[in-house]
């Protein structure tokens, strides 16, 4: 049952798409490769047994993000196509390399993925409680929905308002001049 | 060397998380084009999502659809999935605000290249 | 990461017709037929294939989005996923039949009302328990105090269906339309001849908020 | 049929593993498609490759659904089946005259 082989291949796929996204100088090509990256990521979420997240990634990543990015470069211009790949920015690479190394060192001290004694999975007061009592407390079988709208409803309310505010902010940013023009 | 390899092979997703974080950060830092910076921001975000989802995973578990509160099976933790779920939607909202700002910047300065933008701004 | 000049020139030769250019007027001059076909409305081009496909697929996508929203309690899904899929359906229609006609059909008032109404409905569902001494978003009050059948379940589903799903779908649609309309302001006089700009009358409906 | 039994394994586990290996092979195919996405040389090649990648994703998710015993993953595959063409249509419309026709 262990997803070992597929996880290894997905690792390569996601990493290659991410590298290609960074490497393309042409923005349209980068957007296309980023869409491929999003596909790989959705499969990864599915392998890690998060169907709800994979679903959101499918709708948002495949549809909305790509469309918004495309619209933006349709509204503006793409850079000149004198070269197709970025040249390497060495000082940036140095800083980012140091940052990644630090993160990679901390990775060794995380609990193993899938271990049953990992604190997030085994916590009896949070995760285990949600799984055992969600149906009894809220009457829905999907524990994710139960936590989303039930146990963490206040948090979700905040998120919804943030999304709403982002919509208003976008309209304000793009339409301010319209109000004052006439 | 072997213990290190063992440690890393049992933590594929965390290694991928670190590398994607690096790639996303590199795009944000070094891309000349602002749209590519936004793509880098998105990439950085998805790396963090992967970290959350991987930390929720339980080997041999099931997706957190608890049929009638059955306790006979083991399930992955729903909590990080909920956090990621809301974060994805907030992420697209953040991306959209950033892109709206880019459209505004282009209307104002006529370019999305960072170095050109810096020149134009210094001329003002 | 690697530079490959030969490939760059190759791609350059293949796609020279849309070579990026900082002069919007030159790209504009490449689209005479499209602008003629559409009149003053924009640069949308009809495609029979895309329109037919969308006409077939869109009802299924829309229904599936509603299914995800309404059935979020028993299977994966919920307000966020369902709302995103419903919003994407509208984006699909906008792509096939032109953004401007879709904007006219789905007026700005509808989109803004959907988003605001979602936030208000969410807040209302959360605030009602306060009337009888419960706490904010305490769904159990609906079955215990108000005596609704399966009240706590329906309150939770209500949050998903009339709260989150309209917000997410309306924001997805609204963001798309807003960015598609672009920005035509005073500082952007030189841009008004660019390929993506729209005439003034398109912006009149956009100031609802 | 008797091969996994001869090997001393459980038949269900063998079938599940076979589906997982199949899914892994389809991801290998995705990496092969990635070559076309990166290499190009034209943008149309990239669009077509991404579209095939999307269809490939549907197959991988369906195989995973059987292999992991999670019928809920089929819902994800369904979303991709419905929305996959939107991405390809958007990009391909964009490649004509640099977004002039969106």
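So that you can tell them apart, the chains are marked A, B, C and D in the order they are listed, and the count of residues begins at 1 in each.
What we mean here is this: a residue touches a chain if its C-beta (ideal position, glycine included) is under 8 Å from a C-beta of that chain, and two chains touch if they have at least 3 such contacts.
On a predicted model such as this, the values are computed, not experimentally measured, just so you know.
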{"item": "Both-way neighbours, i.e. chains that touch subunit D and touch subunit B", "value": "A, C"}
{"item": "Chain occupying the most central position, where position means C-alpha average", "value": "A"}
{"item": "Between subunit B and subunit A, distance of the C-alpha-averaged centres to the nearest whole Å", "value": "4"}
{"item": "Length of the line joining the C-alpha centres of subunit A and subunit C, rounded to whole Å", "value": "19"}
{"item": "Two or more partner chains touched - positions in subunit A", "value": "1, 8, 19, 22, 31, 49, 51-52, 55-56, 59-60, 63-64, 67-68, 71-79, 84, 86, 141-142, 144, 146, 148, 156, 163, 166-167, 170, 173-174"}
{"item": "Multi-partner residues of subunit C (at least 2 other chains)", "value": "7, 11, 15, 20, 22, 27, 68, 74-78, 80, 84-85, 88, 91-92, 95, 168, 171-172, 175, 178-180, 182-185, 187, 195-196"}
{"item": "Of all residues in subunit B, the ones touching two or more other chains", "value": "62-63, 65, 85-86, 88-89, 92-93, 96, 99-100, 103-104, 106"}
{"item": "Chain-level touch network, classified as line, ring, star, complete or other", "value": "complete"}
{"item": "List of subunit D residues in touch with subunit C within their complex", "value": "39-43, 72, 75-76, 78-79, 82-83, 85-86, 89-90, 93, 95-102"}
{"item": "Parts of subunit A lying in touch with subunit B, wherever the complex brings them together", "value": "1-2, 7-8, 11, 14-15, 18-19, 21-22, 25, 27, 30-31, 34, 37-38, 41, 44-45, 48-53, 56-57, 60, 64-65, 68-69, 71-73, 75-77, 79, 86, 89, 92-93, 95-97, 99-100, 103-104, 107-108, 110, 112-116, 118, 120-121, 126-127, 130-136, 141-144, 146-148, 152, 155-156, 159, 162-163, 166-167, 169-170, 173-174"}
{"item": "Complex interface listing, subunit D residues touching subunit A", "value": "13, 16-17, 20-21, 23-24, 27-28, 30-31, 34, 37-38, 40, 43, 46-47, 49-50, 53-54, 56-57, 60-61, 64, 68, 70, 72-73, 75-76, 79-80, 83-84, 86-87, 90-91, 94-95, 98-100, 102"}
{"item": "For the subunit D and subunit B complex, residues of the former touching the latter", "value": "69-70, 72-73"}
{"item": "Residues on subunit C engaged by subunit A in the complex (per definition of touch)", "value": "1-5, 7-8, 11-12, 15, 19-22, 24, 27, 68, 72-81, 84-85, 87-88, 91-92, 95, 115-116, 118-119, 122-123, 126, 136-137, 139-140, 150, 152-153, 156-157, 159-160, 163-164, 167-168, 170-172, 174-176, 178-187, 195-196, 203, 206-207, 209"}
